[in-house]
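To start, I am sharing the structure in question, which I have written as structure tokens.
A, B, C, D, E and F label the chains in the order they appear, each numbered from 1.
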Amino acid sequence: MDDSRVATVPLVDEANVTGKVADIFADIKRTKQIDFVPRFWRVLATNPAQLEMVWTSLKRLMHPEAVGAESLLDPQTREIIAIAVSATNGCNYCINSHTTAAMKMGLTREALGEVLAIAGLFNMTNALADGYQIEPDVRPPLE
Amino acid sequence: MDDSRVATVPLVDEANVTGKVADIFADIKRTKQIDFVPRFWRVLATNPAQLEMVWTSLKRLMHPEAVGAESLLDPQTREIIAIAVSATNGCNYCINSHTTAAMKMGLTREALGEVLAIAGLFNMTNALADGYQIEPDVRPPLE
Amino acid sequence: MDDSRVATVPLVDEANVTGKVADIFADIKRTKQIDFVPRFWRVLATNPAQLEMVWTSLKRLMHPEAVGAESLLDPQTREIIAIAVSATNGCNYCINSHTTAAMKMGLTREALGEVLAIAGLFNMTNALADGYQIEPDVRPPLE
Amino acid sequence: MDDSRVATVPLVDEANVTGKVADIFADIKRTKQIDFVPRFWRVLATNPAQLEMVWTSLKRLMHPEAVGAESLLDPQTREIIAIAVSATNGCNYCINSHTTAAMKMGLTREALGEVLAIAGLFNMTNALADGYQIEPDVRPPLE
Amino acid sequence: MDDSRVATVPLVDEANVTGKVADIFADIKRTKQIDFVPRFWRVLATNPAQLEMVWTSLKRLMHPEAVGAESLLDPQTREIIAIAVSATNGCNYCINSHTTAAMKMGLTREALGEVLAIAGLFNMTNALADGYQIEPDVRPPLE
Amino acid sequence: MDDSRVATVPLVDEANVTGKVADIFADIKRTKQIDFVPRFWRVLATNPAQLEMVWTSLKRLMHPEAVGAESLLDPQTREIIAIAVSATNGCNYCINSHTTAAMKMGLTREALGEVLAIAGLFNMTNALADGYQIEPDVRPPLE
């Protein structure tokens, strides 16, 4: 299959990159400990400035240790947020990618099922709360 | 309160309209059997061509009898679809407006609760089906 | 095709189930009058507690007669809500499944077209009402 | 303020309930360790069957210990999923409610900021992956 | 492949249409300067009234010059709005179709990347603003 | 009104900031040519790293000239994308903020109406294309 035709915007081939894009591709593989560059990054690479911006943000938030930062959440929880958002939006690529990542980190099928059950539950209650036009409960001051 | 300041785009005041906009405002009140022009139409009236386009489509689909057309769905079912879509999107104005319209047509609070319960349920199953990346069941030909 | 590989979470094979899952699978086929277990339920079956919870809710709301309850909406209207929600969310599996179910109940292509036209219309008006920041019309007390 | 007028569907007053609804209201306060019944449940109480169904599912998933079940996720992670879903859907009531719940469990403002940053990030990448029409990376068998 | 089986609702074959549908099909090809009728219109053609309604609205807004109207936006900007909406909703057919149309009008891959980057950015900030429950900044009167 | 109580997460007061946050606040006012710091940034400032990340991305994409970069889209088109995304998501704060910004750049009410009409139209066609399960038209290679 001609891989470069899968998306309307062609995928950048890892073998053909140099300079900043090559550095980011290498950083993605090293940081994520994978041996290929996922299609998401290969498409973004058609716009190197965008590739850098998205990778910088994602690296900072999802791999903080790689930039000497700290996270108050553990890595699996961070992937769980990604799964919950992606299931809510119905983004097929993203669900596939984050499910794979979370399972690689040790999230079991049973736990994944629980994540999706909870995400599903709150998609239900969100529609109910909006549909019934419910105003927030009175809030006490936070301090 | 200065009513014309409620939205960033000011509401067109019913008392000040003439020509096509006045005709459509009158048609909205007559067709919907209400004695005021809802804010939605008063905002659209800032763009008369858009007002006409949206009203023509909505009148054809929601009040087909007014244009000599027929519907295969009854009026309450059509409002129920509006409620289900608006609860799913979380559109506050729309939920308020369609709930009011449906209740005026005789939808009871119990039935409204059932509509929202079902809309909520399928927002849940949608997230589950997407989250689990489930492909459609094999489809037999329709004929 | 290796059916169990279609989703990241494998489908539970109907032939291999026992106990509670087998009972629910049988109940799904009997209640829905179908001769196979849809993939949605075969995926949920990887988490039996979740399978039971979702099936109990869906059976209660979509097949109330099967649990001795009553609905204020007719069965076709309930499927129409499912279609409207699923089209709004763009859930491919769900649209496919509920379209099939509604047509089996007698919803014609013409009526399906009308359901989708109305769902489409209100996705448009939802974006307009939100985009114009329109506040709800004054509400009279309901009683 | 006349509290029963806040939503189109009136809120059920805690002081006036008996039977099943009173039992569920008491269970909600006991299980969630709060001294009032949130509006969400007071609206659902207009449909006791729906109140029971939603509470049963939510109690099972969010308070499993109360029904003798176990969760593979800790309580704070479960609330984090609720926040991520609600921020993605833009459900104001739900965001307010789950933020409050998570903070009560010890989620700091800094950690909440991180949850929202990650939820925001993946709303961005979801739109990018969909917008670029990217197909999932090749999946190795899971076993 | 049996083209008429691709969607649950069969595609209307261009060779078999007469009357109003044939006229609209011809108008679509002429107005859009394409030599085939896209599947979207071939499905809508199963409901000729709906086909006419959607085409009339789309022609008026996206091809105003064809009906003697004027637009305050240039054609490429109008397609860019279509792409931004479709990427936000994750509508695969629509993204594919509007990306193709915009590129045909001269939108380069680099510019498409910028459109998607900006659409992605605001999907992120939308989730942040909703997630943090931020109220609008004080609005000065518009005049 | 006690401004710091509007959101659950308190707004950072411009008068009390120093260091990096003060620098970013000044940069926001200078780059956007406004004389106050919008609430969005004042909430993000509770997490300085997140404030910096979001501002860096937004500044690069929406104010490229301020970082010596170039855009292939004009500033008004970039705000139009923001409006289209925000109307689709129904994010009230964002719609308010981007409508104000676009009008300040010269977008007239008539043009804003056209932006929203087109955004509305494609929210409708997105639901139709998804609801009818339409597969993309055959794509010719792009080169």
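Brief remarks follow.
In this section, contacts are C-beta pairs under 8 Å (C-beta built on N, C-alpha and C of every residue); 3 or more make two chains touch, one makes a residue touch a chain.
All values derive from a computational prediction rather than experimental measurement.
Looking at subunit C and subunit F, the chains that touch each of them are A, B, D, E. Common neighbours of subunit E and subunit F under the contact definition above: A, B, C, D. Distance from the centre of subunit C peaks at F, each centre being the average of the chain's Cα atoms. Between the CA-based centres of subunit A and subunit F the separation comes to 21 Å, rounded to the whole angstrom. If you average the Cα atoms of subunit D and of subunit E, the two centres end up 35 Å apart.
Subunit B and subunit F, compared by their mean Cα positions, are separated by 28 Å. Subunit D has residues 8-9, 44, 53-54, 57, 61, 85-86, 88-92, 96, 99-100, 103, 110, 114, 117, 119-121, 123-128, 130, 132-133, 139, 142 in contact with two or more other chains.
On the side of subunit C, the complex with subunit B involves touching residues 6-9, 36, 38-40, 43-44, 54, 57-58, 61-62, 71-73, 77-78, 80-82, 84-86, 88-89, 91-94, 96-98, 100, 103, 108, 110-111, 114-115, 117-119, 121-126, 128-130, 132-137, 139, 142.
Across the complex, subunit A meets subunit B through its residues 83, 86-88, 90, 92, 95-96, 99, 116-117, 119-121, 123-128, 130-133. On subunit A, the positions that touch subunit C within their shared complex are 90, 96, 99-100, 103, 109-110, 112-114, 117, 120, 127. Listed in rising order, the residues of subunit C touching subunit D in the complex are 5, 8, 10, 49, 53, 56-57, 60-61, 69, 139, 141-142. Across the complex, subunit A is touched by residues 8-9, 44, 46-47, 50, 53-54, 85, 89-91 of subunit C.
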